[in-house]
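Per-chain residue numbering starts at 1, and chain names A, B and C are given in the order in which the chains are listed.
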C-alpha cells in the first residue's frame, strides 16, 4: 500500500464518519469531510450513538466542549465501535488544562482507540506527564512530546499523531515527521479538530493505520500550503482551504516530504 | 398570488424565523435567513421555546442533533405553534437511520406541521416505508419517494418538499418538480437544513403554503446556480451562495423552471 | 494610556478568552478572537467552567442559546471570575424577549460584570425598562437606551456598551459615541456576539475598561468598514471581515471618530 493508494480508496469509498465533536468546529469539520470526499454525520444522543458507531465507517470522539449527555453518548459510541471493530479516533482537546475531560479521556482511552490525535501538550497530559497547555493551545514542542506519544502508542496499541511545527506520526515501532507548512491552520479555529475527523475517515479505508495517518496529515498539509498561497488572511484562508482540499489529488502525496526518525 | 409576489412579501415582512436546529448548521442557517431578508432566532430551552413559538413568524424543527433537553423544547414549540396557528416546518434529518429521533419524529408529526422537508430516504422512512439512507445522505431517488410524500401530505394535511436531483413539492392534490441545479449545495453542510428554515420563513408570508414552498426552493436553487458559476470549490461556493441569495430578486422567479406532475 | 496602546498590549499578550456563548456563533467568535490576535477557549461544563474562569485572561457569558447545564456552568464561571478578579463580560442576548434568560441575566448581573454589551432593546430590558426587541433584533435606538445604560453602569459599577447605528460606551461618569460604519455586521450572524468576546479580550489587558471598550468597538468597526468595501454580499463580508481584523493595526485607532456626550 502506498500513500496515494490509501487516499484514492478514501475517495472511492466515501467513508461515513460519525463525529462526536465540539460545538465550535462542527460546521468546519463537516465541510472538511465533504470537501475531502467523505460523508459526515453527527449525533450526540445516548441511544443513537451506540448503534450508529457500529454501522459508521469510523468514529471521531473530540473532547472540545463536552456536555454531561454528550459524554454518555461518547462512551456508548466508543464501546460500540470497539466491539464492532469500527476504527475510532480520540482527540483529547485541552486534556491536562481542564479537569472533567481529563478524567474522562483517561477512562475512554482504555477502549482501544485506533488513533489518538492532539497537540504536544495534550499528548503529554494524556500520558500523565507534565505539560504546559493553556486552553486549547500547545505550549510544548512536538519534539518534547515524542516519548509520551510512544508510550501511549505502546500502551494502547494505537497510532498517535501529534500536530505542531511538523506533525509526528507514531505507532508501536515507528516514528515519522510529516513536513508541510500548516501555519494557516493555526490561525483559524478547527484546523486541528477537523484533522481528527479526516484521520478517522482515512482509517475507514482499513489499510495500515500508520500509513492512513500519514496520508491524512500529508494531504491536509498540502491543501493548507495551497490555501496559504491563495489567501490574504484567516477568513480567506478557511475558504481557500476547503477549495484546496477538494482539489488536491491523491497522487500529490507522492511528493510529500516526511522523514523517519529513530524510534526512541 | 404569483411566486414573485410571495418572495416580495417575504422581503417586506422580514419574518422572524425561530429555529430549533442542529449544532452543525446553526451558523449557516442563520446566515441564510439573514441573506434572504429574514430574521433568525434560536433557543432550545424549555420554558422559552413555547412562548417564543407563539409569537415568532414561523418555526423550524430540525432533528439533526437532538439532545434530551432540545427535544423537550421542540415538543413545547410544536404544541405552541400549532395552538397559535404559527406555521411550522419539520425536517426529519436521518429519520429511519437513527432510532431515537425516528420515534420522536413520528410523535411530533402528529401536531400539524405546515410543511415537511427532507431528502427521499427521510420522507420514505417518516412515511413508514423501507428506505436506504445512511446518516444524513439520501440513498433513494426523489421519484421513489413521491408516493410516500403524497401519503404524508394527505395524512397530515401539509406540504411535503423532497430535496434531490430535482425538488418535489407536494400537497394533498398537487405535485410539482422544481428544476434548478443545486449540486453545489450537496457539497457543503447545511444546504438542505437551511432550506428548511427558508421554507419556514416563506410560509410566514401566510399565502398558499404550496406556492411558498415552490418560491423557497426556486429562489434557493437560482442562488445556488449563480454561486456554482462564481466559485471554484465548496469553500468559495458557500460564500458565493450567501452573496447570491442576498442578490437574487423576487422577479427572477418568473423564469423558474418547474413542471406539474400527474398527482399519483 | 491611549487607544492604540491598549490594542498593542492586546496583541502582545494574546489574551486567553474563555467564552460561554451560544451555538450559533461559537465558530465565528473563535475566529474573530484568533484573527484579532487572542486565543479563544470554550467549555460549558460545570466543574470545568469555575476553575477555568479563575485562570483565563477574561470570560464572556453570552445568553444566546442557554441550556440548563450551560447556565450552571455560567453561574460557576461568573462566581469564579468575580472571586479571582478575572474581567468578565455579560452579553444579555434577547433578554426581555425570552423569559428564562431574562431571570437568569438579572441574577448573574449581580456578580460584578466588568462590562455589559448588548443592543438597545437588551440594555433597556436588563435595566427593567420597556423595550421592543423581538428575538435578537433591537427595535429601539441607542439614543433611547442611554439612560438605561447609565443606570446599569452606576448600579453595577461597570462599563456598558450599546451596539447600534453608533455604539455608545458608558461608565459611571462618561458617555462616548463611537462612529464607524458597521452595517455589514448586521447582515451576518454573530457580529454583535463576537464583539462581546473581543471586548472581553481587550479588558484582559487590565487598563481602563472604558478605554478598552472604545478600543474594541473602534478596531472592530474599522475592520467592518474595510470589509464592506472589499465584499459583494454577506458571505464575502464575513470572510473579508476576518481578514481585515487580522490586518488592522493598533495605530489606526488614532484616527477613530468618537465623540464625548454630556453624561446625562
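The rule is simple: a contact is a pair of C-beta atoms (placed from the backbone, for glycine too) under 8 Å apart; a residue touches a chain by one contact, two chains touch by 3 or more.
Just so we're clear, the structure is a prediction, and the values are computed from it rather than from any experiment.
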Copies chain C and chain A - interface residue numbers shared by over half, same or different: different
Degree value of the rotation bringing chain A onto chain B, based on Cα positions, nearest 5: 120
Intercentroid distance (Cα basis), chain C paired with chain A, Å: 33
Chain C, residues touching no fewer than two other chains: 23, 26-27, 67, 69, 238-239
Complex contacts: residues of chain C adjacent to chain B: 22-28, 64-69, 94, 97-101, 134-137, 187-190, 231-236, 238-239
Chain B - residues contacting chain C, complex: 16, 18, 23, 26-27, 30-31, 34-35, 39-45, 47-48, 51-52, 55-56, 67, 69, 238-244, 246-247
